[in-house]
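What follows is subunit A paired twice: with subunit B in the first complex and subunit C in the second.
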Partner chain A sequence: MKQIIRILAGRLPRFSGFLILSSATLLSQPSVSNQVVTLEVLELNKIFLSKDFLSLDPVAVLESSAERSAVSGRARLVWTSNGGARKISIASKLASPSCLVRVDLTAVRGSTAAKNRLELDDASTQDFIHGLSKSAGSCEVVFLVVTNDPEWVRPHIHAVVYTVTSS
Partner chain B sequence: MKLRLLISAAILLLLCPQARSQAIYATSSHTVTVVVSTITLVQVSSGVVGLTISGANALAGQDLMTVSNEATNLLWGINSGLKKVVVNSSVATPLFTLKLAALSPSQGTAAPQVTLSTTATDLLLNVGRSSGNCVLQYTAEALASQGTGTDAHTITFTVQNQ
Partner chain C sequence: MKKLITVLSVAMLSMMIVETSFAQATATQNVTLAVNTVYKIAASGNPGPLTITTGTAGVDALTSVSDASTTYSLTQNFGNTVKVTAHLDAALASGYNLGLSLASTKGTSAGTVDISGATSGSAVDMVTNITRGADAGQIITYTFSANASAGTLASTTKVVTLTLTN
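Moving on, here comes the complex of A and B:
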């Protein structure tokens, strides 16, 4: 019996150390947790027109020739681009040689370099608004269609396409 | 009376042979002590969260684009006094804004939405002696003027005394 007590007494410091370590481990259980959150922002280019179908109304003021008839209409164009050096180009897919589509830009909001006026007299694509560099903006687009055909009364449809491209 | 007791005992010994044969040679005992230490555990349901801002998150004409994620939970187990959970990010100068809110905590009170930074900020308050969970709602904000890019945050949740 004495021998057993002697053995236990000899191991007591080691056993006590184990107990202390165990308690410390419990006390220092992780109260911290980590989570990796990755946020990726991709390039986006958004463009929106306030009117998909724009009906042009006759205007009283005619061009230089009294024989010309003219109609006008307006829509709002808004855009957002987080890419660098983007532009909006414009083209008429149904351009007619019998009429001229004049496009005026007004009330431009946003840091851009827009052309104030351009004419769509064929199907070619023209630069419209430059400098869409990481910005959101808007403008008002005013259409004026002038025809040199005094008998032109039939409905005439233009499909105007706006495209965001790189400068 | 004594005689009757002695006779009864003798009869019992005679009727119970096991009692006659068993003898106690030694006894031993030990003390069992159950110690419940302070336990403070916090864990996320997933170590990885991904948020992507793309064209689907943008409206033409608006500079601000947002996306949110509520796919993960925060879980905890605390057996001590009143605690709170604070949160911080590893990214000192992020390109974009990342916010976090604790939704529907089963215990405690959710703090207002936190804009994540390297400074530890309260996320969950009044948590004590409970095991519970809440939904982690991340909200990312990017301006068109900030362009494109990627932020990789390591978000750290820490339990502290309140």
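Moving on, here comes the complex of A and C:
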């Protein structure tokens, strides 16, 4: 028994040192504070056309050989969508059968399946750019007015509407 | 004769005072004083929801949103190399970015730091070289940004842990 006490007594300083060290370590524990942050991203679809108003002059007669190279006006269309499987459709209000507006897409940037050409000759809505999915992109829209009315006198007004919808 | 009596009286009075002084008792106490290391940090509450609602056509980066409605306070007596670190409970997905900025008058603020990928094993320094003392009511600013290519994000909560350590 005395021997055990002697051994314990011999190790007491080291044991005390360990206790003090442990206490100091506990006392110097870092302090923490938590905050809860709520994050959300809503779906957004944005379209912007570089020109709101285009004055288009008839530069080609229907079936003319010159119509392909003729350009009446051009604008740049840019978009951003963080939704999945979206498309841009286009429609012309006030379209006239005697005045055909051809729309060509060039310089398409972004992941899309865009139509190269479509014609606006009635008020129907047509798919313009497919496959918008979580991306930003742009293209150049080239307008060509083709008329079968050789005596083009009165102005024709097309209100072209671009809409982002679900594919 | 009168003068002699006066001198003797003064002498006797002085002896009485001295005797009284020697009769005083004293007691002593040993007071053990210690100041342990103190680290304390506390935030004023939670920031408001950070909701991205708009962007610019043709630009992948959506319009970021910020919140600076909360503050933190700290007290420490350890030394002049104390710092505040920050981390999330889980990293954000790619394309989403959470920036954090802690103002400070007692230390050096790192400015706006991206904590999107900072977890408990990779906490980032927000304020360093904090000197001893207290710093109260310092503004916490969160900035949340996202790319359109990352898609939408349903309302999600993240726990941000601020740690005062050496």
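We take it that the second predicted complex is superposed on the first by the 123 of 167 C-alpha atoms of A that agree within 3 Å, B and C clash if a C-alpha of one lies under 4 Å from a C-alpha of the other, contacts with A are read in each partner's own complex, and residues count from 1 in each chain.
Just so we're on the same page, contacts are C-beta pairs under 8 Å (C-beta built on N, C-alpha and C of every residue); 3 or more make two chains touch, one makes a residue touch a chain.
No experiment lies behind these values; they were computed from the predicted model shown.
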**Asked** Fit or clash for subunit B plus subunit C once both are placed on subunit A?
**Response** clash
**Prompt:** Of the partners subunit B and subunit C, which touch A:N116 in the superposed model: first, second, both, neither?
**Reply:** neither
**Message:** For A:S31 in the superposed arrangement: first (subunit B), second (subunit C), both or neither?
**Reply:** both
**Complete:** The shared contact residues of subunit A with subunit B and subunit C are 27, 29-44, 46-48, 78-84, 134-138
**Fill in**
subunit A residues touching subunit C in their complex are 24, 27-44, 46-48, 78-84, 134-138
**Item:** Sites on subunit C touched by subunit A in the complex
**Value:** 36-37, 39-43, 45-60, 62, 70, 72, 74, 78, 92, 96, 98, 140, 142, 144, 146-166
**Asked** Residues of subunit A touching subunit B in their complex?
**Response** 23, 26-27, 29-48, 78-84, 134-138
**Request:** Could you please specify the touching residues of subunit B with respect to subunit A in the complex?
**Result:** 35, 37-44, 46-55, 57-63, 65, 72, 74, 89, 94-96, 98, 136, 138, 140, 142-160
